[in-house]
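Two complexes come next, and they have one chain in common, chain A, joined by chain B in the first and chain C in the second.
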Partner chain A sequence: MTRRDILLGALFLWMAAVIWAAFLWAPAAAGFLGQSSRIVFFHVPTAWVATLSFLVSFIASVQYLRTRDPRWDVRAHASASLGIVFTILATVTGSIFARIMWGSYWNWDPRETSITFLLLIYAAYFALRGAVPDPERKAALAAVYAILAFVTVPFLVFVVPRIYWSLHPDTIINTKGRITMDSRMFRVFMASLAGFTGLAAWLYDLECRIEALRRKAEEEIL
Partner chain B sequence: MTKRTVLCWCLVAAFLLAGGPAAVVRAQGGATRAAVPRDSGGPDLAPAIEVEAPAPDPAGNVAASSAVSDGGGSSGLMAVMGVTLIIWLGLFLYVFGLDRKVRRLEGP
Partner chain C sequence: MWRFLGETMAVFAKDMRCEFRTRVAFNSLALFAVTTLAAVSYTIGPYGIAEADRPYLLGALLWIVVFFAAMAGLDRSFVKEEETHTAPLLRLAARPLVVWGGKLLFNTVTLALLMAILVPLYVVLMGLSVRTPGWFILVLAAGCLALAVTTTIVAAIVARAMSRGALFAVLSVPLLLPLLVFLIQGTRAAIEGRVPDVLAALRAVVSLGGVMTVASAFLFPVVWHD
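Up next, the complex of A and B:
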């Protein structure tokens, strides 16, 4: 058994404990219908992982433009893929919450609208990658686009939903800079955040390694 | 993206979506449109996440504590938690298997 296997086993147990605690240990929050508040343990970590992935994609893109090393392009692509998947998951889990609390899956709330823009911006990144056949040109264009796309992330994720009146519940750190979450909920929430970050790191690493193997195989064929 | 990667993402999605039904448990009857405003305007109702259940049982009785918090829907929560755990196990085993295969392909 390698050190990696032990870490992955720990991740498995950690997430299993988070699931147990999210449903049975943490109390339901006041001001929410039924058990809808429990979605916070899944919805917010997915949104967090998505933002983190877009940040990694931005850094990798900057590094690619500086060094022209194709490994940075692989990392930028893998993290952008991870980001878009987790953004979709955050949108879907948010829609389930919206159905229960606000009566419909989609309300064009500022938070929903801004996440739609974010999805469209990053969908264009993949369209761009698919449209350019030359690998070097593709990597360079995609890197520039990823940098420009990331500029919108702070606005769409943190600024726009706070400027406009929204049905969305207060964020974990509210506008007064305080955390009003119950202590048990907060502990489970932080554990979930750590678990999802670990899961995302594992998937990112795997995606990069698969892509590296694919490129190596292509080079051998050629 | 390979077929395996797509399947892997589907498992991640299923795992996360399994958390959704928990929200539906005990939320069906009399569900009115609840406004949850922000500081910037609208009626001042209850935006912050605050606990509604009383203090935890000193003996650490989880079942009793969750029964208080969900108004008696703990069996529903148990079922949803079970499904989520099974999906997590499936997802983990699948990705772990994939990880092992990639390691073998990478060689020593």
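Up next, the complex of A and C:
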């Protein structure tokens, strides 16, 4: 059994415990309809991992432009792919919450709007990659676009939702800098955050290895 | 500094001369804007929107017309260099930052000319009355600069890729959407005469535009030489 297998087993157990605790151990928050508040254990960590993935993609893109090492391009590509998957998950979980609390899946709330923009930005990143045949030029142009895209992320994640009035509940650490969550909920929430980060790290490693193998196979064919 | 400005102006003058030979970018932008405005004016006109909704909807429509017109022609400055195979010569003759500066200036002037024609027409045809015209013009000017900065770097990227026409819109739209949200809010506030809200929107536009300018200036040499 390798170290990777042990870590994967631990991650599996951790996530199973988080799911159990999220539904059976943590109490439902007051002020929310029924059990809808439990979605916070999945919605916020997916949004966190999506933002983290875009940050990794940005750092890897900067590193690619500095070093011209194709492995950084593989990392940037892998983390952007993960970012888009987790953004979709955050959007879907947010939509389910919106349906229960506000009566419709979508109503262009500032946070819904900003996550849509984020999705479009990273979809465009993949469109650009598909439109450049030369691998080196593709890597360089994609890195430039990823950096430009990341520049807009703070505006989308922090500025737009705070400038305009929103139905969205207060973020975990709100504008007053206070955490208003029940302590048991908070423990499950932090465990979920750690679990999702671990899950993203595992998927990132997997995606990097698959992408490296794909490129190696392409080189062999050529 | 003066040398940089002189070289930038030389690239800008070259682009203007080339543009006035064919007027492809100007014609595309102006015709697209006027056609869209005619369609909007014909279907909605000055009385088609309820009084309470006018500031918001007219502000949004104005930026939609400007945005789509920009998509129709602002990629020409770089795409033309690649299509006519003059880009390698420009790479030898001028420093990357000078080329970026010249093209940015060209796109800014093109967009400003477009807005100088479009906005008065829009005001007349849509019956738009603005409570704080000075702030309204300032929002338009800031929007013009910020749009030009973003579209210039995207045009440079697109010129180095395939299926350029479609790609320009695909890459520009997501980067420009947050900017357009701030601009529409700022324009609405200027129409309604709410100066503090105009200032808040302007701060967002200037900071996003400023960050884009710095990032573009740093990244352009990579796009230009790769």
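Throughout what follows, the second predicted complex is superposed on the first by the 222 of 222 C-alpha atoms of A that agree within 3 Å, B and C clash if a C-alpha of one lies under 4 Å from a C-alpha of the other, contacts with A are read in each partner's own complex, and residues count from 1 in each chain.
Simple rule for what comes next: contacts are C-beta pairs under 8 Å (C-beta built on N, C-alpha and C of every residue); 3 or more make two chains touch, one makes a residue touch a chain.
Note that the structure is a prediction, hence the values are computed from the model and not measured.
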Practice problem: In the superposition on chain A, see if there is space for chain B and chain C together, and answer fit or clash. | Solution: fit
Quiz prompt | Touched partner set for A:Ala131, first chain B, second chain C, both or neither | solution = second
Quiz item: Looking at the overlay, does A:Ala50 come into contact with chain B only (first), chain C only (second), both, or neither?
Solution: neither
Exercise. Please determine whether it is chain B or chain C that touches the greater number of chain A residues.
Key: B
Exercise. Tell me which partner A:Val151 touches in the superposition: chain B (first), chain C (second), both or neither.
Key: second
Quiz item: For A:Ala140, is the partner it touches chain B (first), chain C (second), both, or none of the two (neither)?
Solution: second
Quiz item: Looking at the overlay, does A:Ile96 come into contact with chain B only (first), chain C only (second), both, or neither?
Solution: first
Quiz item: Where does A:Ile210 make contact in the superposed view: on chain B (first), on chain C (second), on both, or on neither?
Solution: first
Quiz item: Quick one: smallest Cα-Cα gap between chain B and chain C in the superposed arrangement, Å?
Solution: 14
Quiz item: What residues on chain A does chain C touch that chain B touches too?
Solution: 163-164
Quiz prompt | chain C-touching residues of chain A, taken from the complex the two chains share | solution = 65, 113-114, 117, 120-121, 123-124, 127-128, 131-133, 136-137, 140-141, 143-145, 147-149, 151-152, 155-156, 159-160, 163-164
Exercise. Spell out the residues on chain A that touch chain B in their complex, using ranges where they run on.
Key: 8, 11-12, 15-16, 19-20, 22-25, 27-42, 46, 81, 85, 88-89, 92-93, 96-97, 100-103, 162-170, 172, 174-176, 180-182, 184-185, 199, 202-203, 206-207, 209-210, 213
Exercise. Enumerate the contact residues on chain B facing chain A in the complex.
Key: 1-2, 5, 8-9, 12-13, 16-17, 19-20, 22-28, 31-42, 45-53, 56, 62-63, 65-66, 68-70, 73-74, 77-78, 80-81, 84-85, 88-89, 92, 95-96, 98-99, 102, 105-106
Practice problem: Flag every residue of chain C that touches chain A in the complex, lowest number first. | Solution: 153, 157, 160-163, 167, 170-171, 173-175, 177-178, 181, 185, 200, 204, 207-208, 211-212, 215-216, 219, 222-223, 226
